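Let me give you the structure first, and then I'll get to my questions.
To keep things simple, chains are lettered A, B and C as they appear, and every chain counts its residues starting from 1.
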């Protein structure tokens, strides 16, 4: 049993997004975080002090640990932002902003 | 957009059990209601629904009390169809403002402005004006730190559940569920049902203590049966349950690989030599819940000094005229209590907004349920407490504030050497709580490690707000029905 | 902050010092400040002299081993900009006067502004660069100065009475946790300095002037100096009780950009005011358009200790032998703390102070001035 089977899900066709240029499949409705988890990715940013990896923690938009750059927009919460076909996800470092 | 039919307008913030129950009750009294919620679909955290695109045909497999949800959902749909309720999903409220002008009691004065950001990027401003507001903002999970808790793969118990319910995903193959509180049971059974091997359920409390308090709990046999149901489910799925145990460390370099759990003695200390290592790629951990009180606090509502609840009277009114509160923000209590409180709040607001004195007899059943559940939860709260000496396990190099990467050692230096004696000074001296989450994650941990009392955190912005939005906030106030370009100044239908 | 600096310099002058606060370290206005060490906003006169003295002392402190980093001392300099030619002319006249008083002030033509601040809005008339302006993290500065002083720190202790001998001289303080005997008491109670003075039986008209600060998400160093609009100086010097805001924008060592500055005389009202922070955001985004999409994470409020002539009270109180005042620095208390501490240490030790203390006399509002002041208090 996997979660999709558990809920008897019949999702629409998967579409392609990219993570740092690498193509990944996402299902309609999935957030960035859900798609990355489904692809086996659990961290996608490093902290600005110690450069430590982080990913989902609270899962509901409160902790801001899962910050990620989506379509050049930094510091989006992966657990909240739904994906659309062709979205470019980028791992981010530090503040997420460029000089 | 605005149809001024003379009906009073209520803005409900939050579409979880409390907000929905309130909206239905108020709309039932003939008040126009706008339910403003951050999620894409109603339900809140408890009834979080799989994303529509996932086509889940059996979402109830992920939920409990599904019939209650069906009733709420059908009621909402009915009122929406009748035009009394509007549901605004994906609206992230950052501030509720009370305008100084306008007499308190007069209807149609639109004294409150709810400022929200629309869309997943949370950049487009929306302002909603209302005669009254009902705050049902819910809660989030409290997690106390331990070495390794910042490793990817360590998630909050509620987070694991939210990702499962909403995205139909899990973060690995083998999980340990740990911490304390009634939430751990459905998280463990949910993950197990979704195909995850739950290597252990690690509960620091001893639920047998509940049995000793059975007299006090007998009034809510339904809740006890619920707990017993989970226990059976855990047995069926062969989940090993370790009570009076705690996770003392999470291991891994860039990802969680294992945890060490240990037994607790009667005093809440780790029993030396009892440590054992459990391999896992996911740790779902939680130590109870905290309420989202920010909007209420900034509006001027009285909040208990430790920040655990917004004060309300028997009708769920806050001490700010025109502002009601229901659900977790008036004290953590779960979905059933939230429903009762929401119903009472909605009834009260519905009556008072139409100039009628409410009749409490009309909500006697909800009031009875509210009383019993509060008593029941009072007992639960005495049983499900984190280990008394959890601070001992937090080594100096453990990061406590995840955002600003402040260690327990830095907090201890602030107290021992720099003269801090309260959480605010610790924050100023260490930056603990100054980051993106504004101390929501580390607040209780910092207080515990510093050895000082928890305090109400003042967060005038309930979420980060772009300066460009802030610079124009409220520009349409006083000019109802004339939205600016690119801005949706919105009256309730 | 001022108390911490007084403790440091008094201890270094050989005195035995006890620092007492009813709250924690930096629990009053210090903890709500931005940590400005500014000469740029001061016109020639006693306050500027104090600022220049303080500036040198901050430079010295920052050079002590470990201390500069611990207090996040950043000699980043200030840039004052004018949007229109008339404003620029006034700013340049102001800067010329400051130069004669010893301030480094370098005129910056419009086309040179991007070299200093690449993200400033285009189309400004020009500005003035003040290399001496600097910043510290105020709470860290106060805590580390107390620690460096070696003084005994008693937090959470409230002074309820200033004890005096039969002939009126100070002999100590009574607190909620016992008496402390000392021949000299320094009133460094900031915005609450008037209350402490009253315990010694004298009036000192210190009143709160509320200010909000906005804090953004952490950013790379996109704002390099303390940058503000020329009208800030006029607001600082204003006597109006009404809300005034003028944009003041600066980056911090930790990443977030701080945005000020608002001034209102509304008593000690801590409640959040959206109209005020809206005005701050509007001013900041006008100066730095890139901030439009940068998110504000929080805002905090503080109460500047305001005196009617905008000068602090520093020195012995002639009305009560043994009572010294070091308060009422308005929004400049962090910057002026070191000079104030040094001057207080000098007069405590019976030495001649580096500056003439006459303009800072605590009793200068006695008589007509004080009455006038009490009438205009909102």
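Note that a contact is a pair of C-beta atoms (placed from the backbone, for glycine too) under 8 Å apart; a residue touches a chain by one contact, two chains touch by 3 or more.
Please read these numbers as outputs of a predicted model, since none were measured by experiment.
In this structure, the chain pairs B-C and A-C differ in their number of contacting C-beta pairs, and the larger number is found at B-C. Located most centrally within the structure is B, per distance between chain CA means and the overall CA mean.
Chain A and chain B have CA centres that are 23 Å apart. The centroid of the Cα atoms in chain B and the matching centroid in chain C are 40 Å apart.
With centres taken as mean Cα positions, chain C sits 45 Å from chain A. Touching two or more other chains at once are residues 404, 435-436 of chain B. For chain A, the set of residues that touch two or more other chains comprises 75. Annotation for chain C: residues touching 2 or more other chains are 217-218, 295.
Looking at the complex, you find that chain C touches chain B at residues 23-27, 31, 139-140, 143-144, 146-147, 153, 155-156, 214-218, 254, 256, 259, 271-272, 274-275, 277-278, 281-282, 284-285, 291-300.
Partner chain A is touched in their complex by these residues of chain C: 217-222, 255, 295.
The touching residues of chain A, when paired with chain C in their complex, are 48, 75, 94-95, 97-99.
By the touch criterion given at the top, residues 38, 40, 45, 50-59, 61-62, 120-121, 140-141, 150-156, 158-164, 166-172, 193-195, 254-255, 402-405, 435-437, 440-441 of chain B touch chain A in their complex. Chain B makes touch with chain C in their complex at residues 95, 97, 115, 123, 298, 300, 404, 414, 417-422, 424-425, 428-429, 431, 434-436, 438, 458-461, 464-468, 470-474.
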